[in-house]
Amino acid sequence: MTFDRLPKARRSAALLGGAAVALALGAASAGAETIRWARVGDALTLDPHAQNEGPTHALNHHIYETLVGRATDGTLTPRLATEWGIHPDDDTIWVFELREGVTFHDGTPFEADDVVFSLERAMAETSDMKGLHGAVESVEAVDEHTVHVQMEGPAPLYVQNLTNTFIMNREWAEEHDVEEPQDFAGGEESYAVRNANGTGPYTVAERDPEVRTVLEYFGDHWAETPEVSEIIYTPIAEDATRVAALLSGEVDIVQDVPVQDIQRLQETDGITVETGPENRVIFFAYDMGSDELQTANVEGNPFADPLVREAMHLALDRDAIRQVVMRGQSLPTGVTMPPFVNGWTEELDEYPQPDYERAQELLAEAGYPDGFEVTLHTPNDRYLNDEAISQAYVGMLDRIGIDVNLVSQTRSLHFPLIQNRETDFYLLGWGVPTFDSQYIFDFLVHSTEGARGGWNGSRYSNPELDQKIEALATETDLEARNEMIAEIWAQVQEDRVFLPVHNQLLAYAMREGISLPVHPENQPSMTDVSFED
Amino acid sequence: MADALLRVEGLTRYFDVSKPWLNRVIEREERQFLTAVADVSFEIRRGETFALVGESGSGKSTIAKMIVGLLKPSHGRILFDDQAMTGTDGAAMRALRRRFQMIFQDPFASLNPRWHVGDIIAEPMVTFGLARGAEARREVARLLEVVGLSGSDAAKFPHEFSGGQRQRIAIARALSSRPEFIVCDEPTSALDVSVQAQILNLMRDLQDEFGLTYLFISHDLSVVRHMANRIGVLYLGRLAELADGKGLFTNPRHPYSRMLLDAVPDLEMSGRRRKPVEGEIPNPIDPPPGCAFHPRCPYADDRCRREIPQPVRRDGGEVACFGVEEGRI
Amino acid sequence: MARTDHETAAASTPRPPGRLYRAWDSDLAHAFRTSPVALVAGIVAVVIILAAALAPWIAPHDPFDPGSLVLMDGFTPPMTENEFTGNFYLLGTDDQGRDVFSAILYGARLSLFVGFSAVLFAMVLGVTLGLIAGYRGGWVDSLLMRIADVQLTFPSILIALLIFGVARGFIPPGYREAMAIWVLIVAIGLSDWVQYARVVRGATMVEKSKEYVQAARVIGAHPAKILARHILPNVMGPVLVIGTIGLALAIIAEATLSFLGVGVPPTQPSLGTLIRIGQGFLFSGEWWILLFPALALLALALSVNLLGDWLRDALNPRLR
Amino acid sequence: MAEPLLSVRDLVVEFPTRRGTLRAIDRISFDIREGEVLGMVGESGAGKSITGNAIIGLIEPPGRIAGGEILLKGTRIDDLPPEKMRRIRGRRIGMVFQDPLTSLNPLYTVAEQIIETIRTHLGVSEREARERAVALLDRVGIPAARRRIDDYPHHFSGGMRQRVVIALALCAEPELVIADEPTTALDVSVQAQIIDVLKEICAERGAAVMLITHDMGVIAETADRVAVLYAGRMAEIGPVRDVVQDAEHPYTRGLMGSIPTLTHAHDRLTQIPGAMPRLDNIPQGCAFNPRCPEAFDRCRVERPDPIGRGGGRRVACWLYDRAGVKEAGNG
Amino acid sequence: MLAYILRRLLQSVVVMMVVALVSFSLFRFVGDPVSTMLGQEATVADREALRERLGLNDPFVVQFADFVTRAVQGDFGISYRLQQPVTDLILSRLPATLELAAISGIFAFVLGLGLGVYTALKRRGWLSNAIMTASLIGVSLPTFLIGVLLIWIFAVELQWLPSFGRGEVVDLGWWRTGLLTPSGRASLVLPAVTLGLYQMTLIMRLVRAEMLEVLRADYIKFARARGLSDRAVNFGHALKNTLVPVITITGLQLGSIIAFAIITETVFQWPGVGALFINSVQFVDVPVMAAYLVLIALVFVVINLIVDLLYYVVDPRLRADRGAAGH
């Protein structure tokens, strides 16, 4: 009665007749496995510099490679660069030694010039990656396998910015007229959007955006041969459908597993779930800098009062959110920083237990014995259970008398509110691709000016702190730098600039017999997949 | 004439039945007009019953609607008690409107099914401010009795009455604004004969009692014969013949009048062999040239096919026929 | 009841039957009393509507009061005590610790409010425009009907989505939340007026030519009065039928909009929002979060639809 | 006397409603002889059309024949299974309805509708059916029948359509044609044409006609015999001249008197007071008794059955009951 | 006839222009495309520069004129999100939606017609009442829930049918069809049923109501009186006359099937234009949204036109060319 629902895997249909069969055959199949991989959204483009966005990078990591990679424990790993470091004579130059014997998919050998070309391309006006390379002055190929990157000043952490900057082939790009990422105003499609020529472990066999992408193992890849030889990648937007596809055996690995389904999936025969923390912290923030709030029913700005902020912290029951909303799939935290990040300490991570009475007292002390009314903005399709978290907090605030209107909307409406400073109180998640506190300070803590403070919806402005943050960028003495980071965090925590909630746990569900470790940036690589007997 | 209550002069009405503009351009067609009423003149004297007879498409209902103001004439004038009704507006028109009323053909459609009978009857008097409240209720009860119903019927809905009773209600409504002139558009054609007799008798009685003037429209010659003092015969929007009641039936002049009389079945069973009527009424959008009746007329000659005959006085009436004019018939 | 005797006595003496009795004795009422489907649907609809209307008085909890929610109560199964708090809930709780039973009552209340208001809005707009178009005819009619055509070009869901977008642009940020429900009503209503307008226009054109309207025109009654007093009552039959079914459709439309991410605030979930939320728990084991609201919606929409269906047949004299 | 073509015996037709069962036809009996024209008159609601529908077995449910029998040439047809009855309809009994505008399917040409009917009943070839159809249309007076036959109904005027309807009713050569108000919807000048065509063509083919109408004039001119119905009951039946000129039933008399005539103008018309009772409110005894100027006690209690009056006349009135209390009238 | 078509075409152009204007002016309110197009590291200046490049700072009239000028040439610009020409995107997604819409349309029409006729002919039967009641379930639950429930039953529990996607597809020129492979056909079943259920109910009810009306028409009675068989009366006469009004409504339904596909496609991850639209809404991909709305309007206009022409074919009364006037 079972219908043949697996013909998609054309090339290895026999293997996919059923997982059990494949497993029974044992390791004989290693190196010739097809993985059907589903997640919520597709890569937006194959052009590696056009979109600075997680799912896009995740797919492109299979096709293109970066100079350095990020291991599942958050550390840097060599990829196209075998060694890197700051030039011993000039702390404004980064030196990269490149891997030898690497070829692009079209057979062209990989050379330093390709790195120069790619970094320059990533810095182009139409590139979405240029923010990560703002401190680069020039790139130079010293020899075939050495590249020097000249920075505007000392940039001790620059290498951290390179984990998602992919290396393209100059000739291929020139041949297809894609020397720069696509300009939307141009009106023509760029060749690189649907075609790729990387050095990655897989080549693109078939690409139907948002429908299905088939990747095949690139036989000339420099690294060890992975167990997965073919990847069929399918985005499935609906949570229920995505889970259903795994339950019905139509896919092998599901990323973005809804938290409420994790336990049930774990209990389901033939399915395993792997979880791990994501390098992303979820927090609330409030406008503490303005004189007046836009949505409050009281004059002045209650959030400017430290007592109110403290009361709000005391009202947040992180354990309950973890327990109920996140079904245990979160790490509650007291700091707006994931544990992977440089600067994280256990002390900072500690969080207070809720104390509603004290919170109410504080509010009364601050002059709001009856509380006040304010609007909380939350996205409903960006983070794990984002809407439910906000909703739960609304209930908690209600208990201390703060009457919150919850506005829940899609990300494209939510984020502009923060960027344009149109919200008093909001939920935001912050990933830290550089794994360093500076990234957080730059965007969230520094006063809004120039390239810094773009996401500082708190309107927090502390000139002293701003100076320290700026100094971080050029401080090459790592110890001194870490001390500064600790100082800044101490101030941020004291001023309660943010109301941290938790770090998300990521969950990958897969059919039994497969293992895939969770990647902190949610960019799993199918080369990491292993099949067990 | 002094005693004319209503005068109609050169009344004409056409309807635009053209296809949409684009069709006309592409199919190269002219605008099309349907002439429902063409150059009709007559007068109705105070206290008389004037009848218009004709078959479907003859324009009799269109004339009725123009007289009561439901349609605007394309040309011509209507004078009610020497006051022009076209172009009059406001208070003067209101005062005029009170003085005439209309009774319709279908007693099932002419009463609003959602209204109480009392409200239906009271509507004209309330609209014209003649009575309201308790006074109106008393008046309604009186009117109901006048038309042979019971005062308590005011609380009922129309669907609780038979066709004849409904027509009585419609008559009561018509009387409620105390009009002088009532246009009766086929008032009995939807009724059974026995009920028709009741209604016709009632209308006669009311006419005597209130000194009413009737314009009586019908296709039924025997009813017209029974009711009318004078009769106008319409054919395709034009008056074919105008005669007093007796004259038309004893001595019809126009060939169409004769034909109509012939078509009435012979209830007396006199054994009279009727002349079979030829043909059907032409399409009014595309009427025949000349006298519209010529294709069916046994006396038609070339002139009839070319020219449109104008009414000519004959025996106190008027006839629009070249045959009669020329003495051929 | 003690009054029965008195009533029998009164009934034995002939007197004009009262309005109530006439309504009870009317063909429509009789048809209703003798149709099992209509009867059951009617009872179900009345029970749900009453329960929803009386939610603040009969619901054990107020799910719209976030302060009263205890997060730790979340995911309590039906008829069971919560493992942490020991609280008991008839139909269990959802992910926020909301009592599902109360949430259904309040949600149904909101859904019905949105549904009724949207239908009313569509009805008033559609009937008014339909009356005007049908009565005036000519260019007014052409214009209105062309607008209706354009509107029909857009499916209702899209229209509602677009109206939502516009509203977001026009309403100042501070008022958006308060206005959300009204925007929803307008969005659903605006996407729905055309069918009322079309039906009323057609019926008005028929009624307009009827003689009772001509009789009113003969005495010079004002067109507005003719439309309101004469024509309107006579075109309301089909309007009510569409309205009934429209109510069911509006409730479903609200649920669908909620699925598409626009709708009522999540802190005040409608029946549709509850289902949208519950849908996420289809595979997680917390079946009650989806099942009960879905059953409530099904019962409500089905009974209203059945009533509308029955009314359509009952009001059609040709099907008697 | 030869066996009648159609014989209706004590026909009862009932319509169940929630307020009780309505008797639309209450014990009506009459015969139609071969080739004769039987007129059936009565006011609306008297049961004329229902009688016609009962004969061809097309009473709308939930209405049903609740009693009596209908015999076609001695064979009962009221209890035939639907399929057998279908073979009689159109083939042996044709039917003409009132409104020619709605009697024809607007989506089919005249040819399609006639040929379909002919072939349903007469197993002839398409070509022959078409020839017959053309001939028939020609006969009923459609000019240029061969050309017009492929037109759609809306291409014809009302009078022409009624001719088409007559052709359709006659195309399988039935023995009886039931014409239900065939001229009511037509103009005066066309009415006579249609009646003439119907009468002539039936006479030619020897088909009997049951002519249902409310128009006494049409009956007087067309029918051989006439039956007068009142409130679902037979009031009077007899040769047309007798009934029209010398009605015996007080209702018939009142009816005749209430018709205005062309020949002389009366000041007032004779009128029957009141209105025909609704079917749910038929008085006890003679249905006509509340309106009858000559009613006496028996009329209010006992229902009169038609009483033979000689010469083929029967009258349902106690005035003519020889055994009755009061000897009256010209009996 | 020609004039008729021309008039409809003129009307259609007006409708399309209005739709374009309305949809275009609405996009300003769905969100800010720029913020979703740039990564989180982008600065205010970056956003402003992109805004300028995209012409979002131009006056509305200029933007609209530009949009219309390019739209009539079939150029809807580049998708902000997927960076491909919108026209290509839509064309590549359209076959999936059209196949889904067509199949569910056929499903809805055939079943709706059959059940409608059945319930009309057997008006008082218990089965008819059961069908009537059961069919209402289809309109008493939101489409998305029906879709999810079908997935749960037929894909997860029974594992008879796929839960998502189109299965294996075959390229026929630019048309990518799933109808030619077994998996493609199997994949079509659940979405088509989900999408068609609502329309099926509507069509069934419409057919039933119209059929009941027609069955009471004089010409049906006359057809029976002529002794035509039940089959000929019910199907030859009644059904054909029923179809005339049904065609119009069904045509409009087909249009809304395409629109309602938004939800079905989302639930079943069906790679059609509806899913594309919803993803675009989230991303404020204005060019795709605009093109989609114009496409929907176009589909409606075309369907309307076809329906009108069909009407012409079916109903001889509308073919005035042979003119009643002459006779």
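We call the chains A, B, C, D and E, going by the order they appear; numbering starts again at 1 in every chain.
The definition used in the following text is that a contact is a pair of C-beta atoms (placed from the backbone, for glycine too) under 8 Å apart; a residue touches a chain by one contact, two chains touch by 3 or more.
On a predicted model such as this, the values are computed, not experimentally measured, just so you know.
*Asks:* What is the minimum number of touch steps required to go from chain B to chain C?
*Replies:* 1
*Asks:* Check every other chain and keep only those touching both chain A and chain B; list them.
*Replies:* Intersection of chain A and chain B contact lists gives C, E.
*Asks:* Let me spell it out: compute each chain's centre from its C-alpha atoms, then which one is farthest from chain D's centre?
*Replies:* A
*Asks:* Out of every possible chain pairing, name the one holding the most C-beta contact pairs.
*Replies:* Top-ranked chain pair by contact count is A-E.
*Asks:* So the centre of each chain is just the mean of its C-alpha atoms; given that, what is the distance between chain C and chain E in Å?
*Replies:* 26
*Asks:* How many Å are there between the centre of chain A and the centre of chain D, using C-alpha atoms for each centre?
*Replies:* That gives a centre separation of 89 Å.
*Asks:* Report the inter-chain centroid distance for chain A and chain E in whole angstrom, where each centroid is the mean of the CA atoms.
*Replies:* Here the centre of chain E sits 38 Å away from the centre of chain A.
*Asks:* Using mean CA coordinates as chain centres, what's the gap between chain D and chain E in Å?
*Replies:* 53
*Asks:* Check each residue of chain C and list the ones that touch at least two other chains.
*Replies:* Touching at least two other chains: 168, 279, 282-283.
*Asks:* What are the residue numbers in chain B that touch two or more other chains?
*Replies:* Not one residue of chain B touches more than one other chain, so the list is empty.
*Asks:* Show the residues in chain E shared as contacts by 2 or more other chains, in ascending order.
*Replies:* Only 30, 148, 152, 156, 278, 281 qualify.
*Asks:* Could you list, by residue number, the parts of chain B that touch chain C in their complex?
*Replies:* 65, 68-70, 93-94, 97-98, 100-102, 104-106, 109-114, 120, 123-124, 127-128, 155, 170, 173, 177
*Asks:* Quick one: which bits of chain E touch chain D in the complex? Just the residue numbers, please.
*Replies:* The touching residues are 217-230, 232, 236-237, 240-241, 244, 314-317, 322, 324, 327.
*Asks:* Touching chain E in the complex: which residues of chain D?
*Replies:* 56, 58, 82, 86-91, 94-95, 97, 99, 102-109, 116-117, 120-121, 148, 151-152, 154-157, 160, 165, 168-169, 172
*Asks:* In the complex formed with chain E, which residues of chain A make contact?
*Replies:* Residues 1-5, 7-8, 10, 41, 44-45, 47, 50-53, 125, 128-132, 182-190, 193-194, 208-212, 234-238, 240-242, 244-245, 247-250, 381, 410-413, 415-416, 419-420, 431, 443, 448, 450-451, 454-455 of chain A touch chain E in their complex.
*Asks:* For the complex, give me every residue of chain E touching chain A.
*Replies:* 30-33, 35-47, 49-50, 53-55, 75, 77-78, 80-85, 88-89, 92, 148, 151-152, 155-156, 158-168, 181-183, 186, 266-269, 271, 275-276, 278-279, 281-284
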